[in-house]
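Per-chain residue numbering starts at 1, and chain names A, B, C, D, E and F are given in the order in which the chains are listed.
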């Protein structure tokens, strides 16, 4: 990434609002990840453990579960926006694609 | 909340805090909504895409959760106000 | 609220302890609200959705549930105070009437 | 916690942090208590006011939860101290 | 995340935040793991020490939870990237 | 603790990293405590309340439950470290013995 001709980072001004925004997006992204881990574990992994591997059925279930979570998240995001109950917050509230 | 005890400058700062909080509160509401409706409606993992039954369930669940929040909010506001009045009289 | 003769807000000194106290009361109030939303949803809304409206039974249940939550909150607050296990914190710990 | 590694000034500051934390910890304890006892005891929504059966349940639940916390706290303290001693010896 | 919109100085600061976050995220992962496996595997309180059945369960549960996290992470990364590309095109 | 010959606290320099470390350990310790309270309540206290005392069976169950939680916590901590997935974080991640 280093280039002798680019201005060095230490001379650039840091827009604290940019940094705060990035931090909030990061928080949202990891929060969403942990919520999916939790929901899909409940849906796909039966709580009796006879082996440490994910079997075929569990693996497929996880893939579909994550995909469906994204779909539900998007669908509800759109519905909420359509109701106009939160004008001005917009598409990034879904915690995805940040 | 009863703001009678604060001066104007303090009220301004508290107002700012409330505004910052609203974004966080909306996000919390939104994630609660998604978690609840996903957990209640999605139980078929034989395919990757949402079934029409699941889509309908999500839509109903979203509406119901919104209305539930609204109704709890109304009652909460009323009861909280009653409590404040009781505290001021005693 | 504006009066030409009152001291302007910018000249008043802000007691940071007052502001912090207000912030904490606000946090407690919204936390309590979300806990009631959660508890009463579990108690009153059966998780099979055949319509988007609250029906009569659900609506009445919600009203009573919120009311009972306030009562339980107050009752437990009094019991704890009577046990004197938290002298000095007093009545505002209940998260209501803030 | 083992404070042996900190100097006096650091210990003073840590003490302040502990005091601030106690208020938050009490609130967390209190909200856990209310949520648990409400969820376990309140299941009758045919009337607006608490039944005498519910009131008794809330009172027992409160006492039991307090005693449970105390007992867990005792065991937790003992086992944590054992662990610290083992770590110092190894 | 798409860092294209930030300058180098901002990226450095964001990088620092990410590093601080990793420790917290690991702790969260760890406590989730312990809570889940304890709750799923430990149901025998007739003795103080873990039975061999419980030990085996904990070991399987740990492995499964790790692999579950990994797999969700892979899918999450893929789908999130797709979403970002769609947003840039629209 | 007071000694006339020791340097007074006000002259010592505070290493903010030490204080931050102590704060984090304290957070972890209380977080672990509350998680045990929660798990062991679910395991040991049946949710029908006919008295306010802990009976003999409940008390013994709590003692064993706390002990088993420590064991599980240590066991999983070792397993994770063995897998080398978090080199550099070491033994204090378990939230005990802090």
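Everything that follows uses one rule, which is that a contact is a pair of C-beta atoms (placed from the backbone, for glycine too) under 8 Å apart; a residue touches a chain by one contact, two chains touch by 3 or more.
Molecules present, by chain and UniProt name: A, C, F = 3152_t:CDS:1; B, D, E = 1987_t:CDS:1.
Keep in mind it's a predicted model, so treat the numbers as computed, not measured.
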- Item | For chain E (1987_t:CDS:1), the least number of touch steps when starting out from chain C (3152_t:CDS:1) | 3
- Message: Of the chain pairs A-E and A-B, which one is connected by the greater count of C-beta contacts?
- Response: A-E
- Note on the structure: The chain whose C-alpha centroid lies farthest from that of chain D (1987_t:CDS:1) is chain A
- Query: Counting in whole Å, what is the centre-to-centre distance of chain C (3152_t:CDS:1) and chain D (1987_t:CDS:1), each centre being its mean C-alpha position?
  - Reply: 21
- How many angstrom lie between the CA centroids of chain B (1987_t:CDS:1) and chain E (1987_t:CDS:1), rounded to a whole number? 27
- Query: Roughly how many whole angstrom separate the Cα centroids of chain A (3152_t:CDS:1) and chain D (1987_t:CDS:1)?
  - Reply: 33
- Item | Set of chain E (1987_t:CDS:1) residues in contact with two or more other chains | 41, 59, 62
- Note on the structure: Where chain A (3152_t:CDS:1) touches two or more other chains simultaneously, the residues are 44, 63, 67
- ring traversal (chain C (3152_t:CDS:1) first, then chain D (1987_t:CDS:1)) gives C, D, F, E, A, B
- Which residues, counting only chain F (3152_t:CDS:1), touch chain D (1987_t:CDS:1) once they are in their complex? 1, 6-15, 18-19, 22-23, 25-26, 29-30, 33-34, 36-38, 40-41, 44-45, 47-54, 58-59, 62-63, 66-67, 70, 91, 96-98
- Item | Residue ranges of chain E (1987_t:CDS:1) in contact with chain F (3152_t:CDS:1) within the complex | 23, 26-27, 30-31, 33-35, 37-39, 41-43, 45, 47-50, 54-55, 58-59, 62, 66
- Sort out for me which residues of chain A (3152_t:CDS:1) touch chain B (1987_t:CDS:1) in the complex. 28, 31-32, 35, 39, 42-44, 60-61, 63-65, 67-69, 71-73, 75-77, 79-80, 83, 85-86, 89, 93, 95
- In the complex, go through chain B (1987_t:CDS:1) and note every residue touching chain C (3152_t:CDS:1). 1-2, 5-14, 17-18, 21, 25, 28, 32, 36, 40-41, 56-57, 59-65, 67-69, 71-73, 75-76, 79-80, 83-84, 86-87
